[in-house]
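Each of the next two complexes has chain A plus one more chain, namely chain B in the first and chain C in the second.
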Partner chain A sequence: MRPGGAVQQSDGQQAGRPGDGRRPRGAHAFDLVHPAVVLGCFAAILALTMLAIHPVFLALSFSAAFSFSLYARGWRPSLRTLAWQAPLVLLCALVNPLFSGAGSTELFRIASRTVFVEGVAFGACMGLMLAAALLWFSNAALVLTSDKVLGVLGGLLPTVGLMVSMTMRLVPQLVERGRLIESALKAASSARAHTGVEGVAGRVRQVSVLMGWSLEDSLETADAMRARAWGATRRRTTYVRHRFRRFDCAAAAVCLALGAASAVLAWVACVHYRFYPVMGSLGPWWGYLPFALFVSLPLLLCLVDDARWKKVC
Partner chain B sequence: MKAVAVSDFCFSYPGAGGVAAAVADAAAAAGDGGAAACGHAGAGGVLLDGVSFALEQGSFTVLVGDTGSGKTTLLRSVKPELAPVGKRSGTIEVWGRDTTALGVRESAEAVGYVFSSPENQIVCDLVFHELAFGLENLGVAPDEMRRRVAEVAHFFGIEPWMHAPTASLSGGQKQMVALAGVLVMQPRVLLLDEPTAQLDPVAERNFLHALFRINRELGITVVVATHAPEAVAAYATGALCLAQGHVEPVELGSLAPADGLPDAGGLSGAGGLPGADGPPVAVPQATTAPGAADPACGRGDGRSSRDGAGDPRPRRAGRLRDGVGAAVSFRDLFFRYAQDAPWVLRGLDLDVAPGTIHAIIGGNGSGKSTLLQVAAGILKPQRGKVANGLSSAQALLPQDPLSLFVCDTVGDELREWQKCCGYSEDELEDMTGRLGLGALAGQHPCDLSGGQQQKLALAKLALTRPALLLLDEPTKGLDAALKCAIGALLVELREAGATVILATHDLSFVSQVSDTATMVFDGQRACTEPTADFFSRNLFYRPQPDGFRHLWQRQQAAGKNGDGAAGAMAGPAASTPASGGPAAVVDDPAPTPDDPAATPAAAGKRADGGLP
Partner chain C sequence: MRRVLRAFEVLVLVAVPAVLILCAFLRVSQTAVLTLVVALVALVVFFASYEVGRPTLRQVMPTVVLGALAAAGRMLFAAVPNVKPVTAVCIVAGVVFGRRAGFMVGALAAFVSNFFFGQGPWTPWQMYAWGMAGYFAGVLAESGLFAYRPVVYGYGFLAAMLYGVLLNSWYIVGFVQPLTWQGALLAYGASLPFDAAHGVATVAFLLVIFAPWRKKLERIKKKYGPSEMWDFPTVTPTATRDHGSGPQ
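This part shows the complex of A and B:
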């Protein structure tokens, strides 16, 4: 059952503080860092994951993403994710050889097509890359709530920031109203018994009510905006919630250093590594150290915060 | 220097009546203005005709006037960005400056304006962003902005929900955020147009208290336009009445309820104690068809002991044994909106007897609205059973009546279901007449005021002759006269056999109209009793005397004295909801609530004329 909108707004919310919803574990730790740094860090991790097609880098990235997911979302949702991601990787591994005939170590033949180990390995890597990238996206969404992204965005582009904010308000409102209209009609069985409001006619009616309602409201919203000095200056300012402090500078520097090192090493590793015709050697272990550290940063931040609380208690 | 000085201000909308509705700029005002043009101002559509008044700095003024008298138009004219389009003459000065000469920035810093709808005037998705919106528009520097937002949030106690999405707030909280979002620009005059019309009484009191503090502690001049001045009058320092295009000062005392004491004896004038009227009579439901007047609990026996209070209601509030014969019965209901959400209903049992008006009252969050939606079958309980024998002929008035409107005019709206439900044009005429919708027939439903929309939605649903009518806050935003009209309509529907369940905060309305009252608390039923017993045993939860109760009791008395109208009301003659009108029905579109002498007399006259 969907959370019940208007009713819940007027009735249910009184029980607790609104907006005091349950946050994912670890989200509080990210409040310590300026959202721009968090955003940059996740973006860099994502970019490296998607660009460095290298078995070790991908394995590192995926395991870091999965362990963060385990930490933040718990094992049950994480395993549920794994349940559909594992077949995805497998599928990629099996499908790739059918399209690419390169390789040297023959596994078996299907009809006239030879399946090589290298082909399977490349497919598996692509699958892993997809899985890791998706996991990172969902991890970022856990800790980077819309208001944080907006805070970063609004500082750069005030009008775009406002537009996004208004959209964030209007879209759920529209959906909720659609539901209200539907239920209002459903409840009016004394009228419905005789009409055929289901089907196309019913939908058209619903949309027309929704349009009328929203247009009407938007007129008043526009009035409210003008009454509050909308258009008074060309250059709007933005309410800044997060200040960029010394700690954020340090965090940004660490991210930048680790990210740059990882990028260089990844580039070197990718240039020297190839899948076809024979898979190359993986190179020295320390070459992966900066990247391993970089992708573990989100989890480390959470663990440090946890450790601090353990000490206090 | 006066805070606001209006001298010889005249205003008329281009064209007359409905044409004004087309002017997008004046959309919200048009419902107001248009109605007046059709209703009584008449001549040439001049809405404001030589309005002059001056307000001292730091005053708290109530602007009263009927729905459609032009209150909104007048208020909007003071705020240059909102000034309606039309012909105007005379001057309006704020702090000695003509408002038409104010720029956007000066206007924002001189005059703040709060609208009636908490939903529509909120622009942004998060509370802190909403508070900062005006300052962002003014280009205030971030440090200064932070300071002002902090100050205002602290003053109103908004801190706990600073980061909440605005959509998750209750109506009262939204209105408070809207007020804070205006005050953050530090205006010295604050105009509010029906700011509490859509709030429940608890939220209304909170809001008015905040206004009071702004006025007394900060010295901000406040003007509140309202048609239900009882609650505001206690805080005001002066009152103005707008009627026939003119503004006259009125005594504050005349706005407040006449007798200041709560209704001590509940409803039974003779003896307030339960049992004084004899034991509650159980309605033998199994044998009685819904709606047929039951001799055992008819008027004759109940009334003699309490006709002093003018309560014509029979004791039909039967205590049903185990839900046998109930129109709607709930057993062991458990409901929550999401798996991790708190329970809204937890183990609620309730039986509603057929042919009664059953009021559900309780605080915010007690689950009243949820209960109605469960009864209507919109929400499915996670545990428990709902037996609704009338589910095929039910109607639900939702909290927001706009969700029922499809058509472009009020007239079409009322005819939308005419073909399928088969009500006649006469019934429709009757309904529009009694709720004062006739003058609005040509208007767009969205252009109506909140109260007008409420009555349109109710009329639309009542015309379908539902056997079960579920009403969510039916009296929200209505003035006393309209509440009376709606009360009379509900009584009439009941006499025709319908069962009415209403969830409301309006104790005064419940005390006069309903047969049975149930208090829900913490997701459960705290008690269910006949209304009179219910209120006489309550210590805190009692109706305050208000304009509605005066008017209603007078109308009831007038109806009874007429020619035994009460008997006619109970009789099977009034079998269809929209024909054979009972006594006391107001068909004046907007009787003056603050002029109690005129309305009951008029109503009585009509009652006499309308009866056979």
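This part shows the complex of A and C:
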């Protein structure tokens, strides 16, 4: 959860290269760009992936997501992901024709239900979409740490942002306190549980103690925060770690232009493409170029950053 | 403004299942994304109206603690499929601290625990579904129906089942095309045992925690001040001088 190098950007580059095991490879490249731009870019890629139900778009998105995963996480974890995603795609491909019976090219029949090629193809595309979306989610989570996300969203929803960060901090604290209560109860060895029912009752009491303790403690915290002028002004200012520079403007403009171009082309392609009753033909190849470029932006950024780093060394 | 947002909040919360059903009937081709966006918008509108209501710290903190407890409980029972204490905790929160706190507990628990379980397109749905479980618990408690303990347990079972139905609906409506009635029923039927297990687990959790936690929470509420401090936001009229950096 913690940012690997909670230091200045320039320091982070030097400190974290290249053997820093705490941060995934490529995370440093994303320190160059404002997190809002990164968040927007990943959100747009995700939205386009989920909207464009078209074999070519989905294949492009999946391959870009997988190659980024290869770069950032390495061979072994990526292949492990693939090992459970491939059956998922297969399952979607098989389940769809069972639940929906449409199409024209008959494949086979199972107990009065006909399985068509088109149904399988649509199911496979949906499975690919799901796999690509999941991969993009995990890729985004690699480079967008929770502090970056909260930094972007916390400015918009300060109270909710505070609540999220407090909850995240509380979860490990609760686990710790649960252990403390358990050891305190264990110390009273004469009151230990003799039967299973007593054991369960003890657990319930333990959680109840934990709840009461944490709640009262949190209310003390609330009073302490109030004493430190929480809520004294209409709007609280927050520490801003990332500034929106000219480079970020340019990056946002590039993302916006590429995203818009690929959105329009994806819309045109999807309107002209059909799964049922017969699968349509794919359009010209240049129609997929902006989308291909857009989904490979994250990897390109990492590669460019790597090249720059090698030049400096 | 606040009243408008609150009315809007109910509208948006109702809109999520409405759009889902509408998409199923109209056979919209981009249902998966469309309904996901509607769920996200509903969450954002709810959070915005929560912000505008300027909740006091004494409203915020119990919500945070219960959300964290629910998230920790979900992680504790991660090994046992379909046994999730989150629904039960949301219901307790909704009953004791009101519907808005109930929603926030569900949403927070889903969001935070998914950093452990994995974030994905299901996150907004879980946030919404658990949020609604807490929200309706608050509504029912206000109407006085929860005075009868069996109603609470019945509601817990139903809420857990509806949670499953909502999450399945997104998959069925969004990902199976073209959708037929038989196909949808087949899919719902396949997940019925899992949802029922979740429902039974929720009732079991409620049996164990509902009465004692409610009593304990009410006692803490009484201990830490009069009810106005819980119900209304305190607006400090004068801006205090800068006392250095407060907690961020």
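Convention: the second predicted complex is superposed on the first by the 264 of 313 C-alpha atoms of A that agree within 3 Å, B and C clash if a C-alpha of one lies under 4 Å from a C-alpha of the other, contacts with A are read in each partner's own complex, and residues count from 1 in each chain.
What we mean here is this: a residue touches a chain if its C-beta (ideal position, glycine included) is under 8 Å from a C-beta of that chain, and two chains touch if they have at least 3 such contacts.
Since this is a predicted model, take the numbers as computed values, not measurements.
In the superposition on chain A, A:D147 makes contact with chain B only, while chain C stays out of contact range. By the touch criterion stated above, A:C92 is placed in contact with chain C alone, chain B being left untouched. Contacts of A:S189 after superposition: chain B is touched, whereas chain C is not reached. Within the superposed three-chain model, A:P284 lies out of touch with both chain B and chain C [touch as defined at top]. Contact with chain C, but none with chain B, is seen for A:V160 once the two complexes are overlaid on the shared chain. Of the two partner chains placed around the shared chain by superposition, chain B and chain C are both touched by A:M168.
In the superposed model, A:G212 lies in contact with both chain B and chain C. In the superposed pair of complexes, A:V240 makes contact with chain B only, with no contact to chain C. Using the contact criterion defined above for the overlaid structures, shared-chain residue A:W230 touches chain B and also reaches chain C.
Note: residues 1, 146, 158, 162, 166, 168, 173, 208, 212, 215-216, 219, 221, 223, 225-226, 228-233, 236, 238-239 of chain A belong to the chain B contact set and to the chain C contact set alike, using the contact criterion stated above.
Residues 24, 27-28, 79, 81-82, 103-105, 107-108, 112-113, 115, 117, 119-129, 131-142, 145-146, 149, 160-161, 163-171, 173, 178, 181-182, 185, 337-338, 340-342, 344, 363-370, 373, 376-380, 391-396, 398-400, 402-406, 417, 419-422, 445-447, 461, 464-467, 470 of chain B are the ones touching chain A in the complex. Contact residues of chain A toward chain C in the complex are 1, 47, 50-51, 53, 92, 95-96, 98-102, 122, 126, 129-130, 133-134, 137-138, 141, 146, 157-160, 162-164, 166-168, 170-171, 173-175, 178, 204, 207-208, 210-212, 214-216, 218-219, 221-223, 225-226, 228-233, 236, 238-239, 275-276. On the side of chain C, the complex with chain A involves touching residues 29-30, 32-33, 36, 47-48, 50-51, 54-58, 60-69, 71-73, 75, 104, 108-109, 111-113, 115, 118-121, 172, 175-180, 183-184, 186-187, 208-209, 212-213, 216-217, 220, 223-224, 234-236, 239-240, 243, 246-248.
Contacts from chain A toward chain B in the complex involve residues 1-4, 6-20, 22, 146-147, 158, 162, 165-166, 168-169, 172-173, 176-177, 180-181, 183-191, 193-195, 205, 208-209, 212-213, 215-217, 219-221, 223-233, 235-241.
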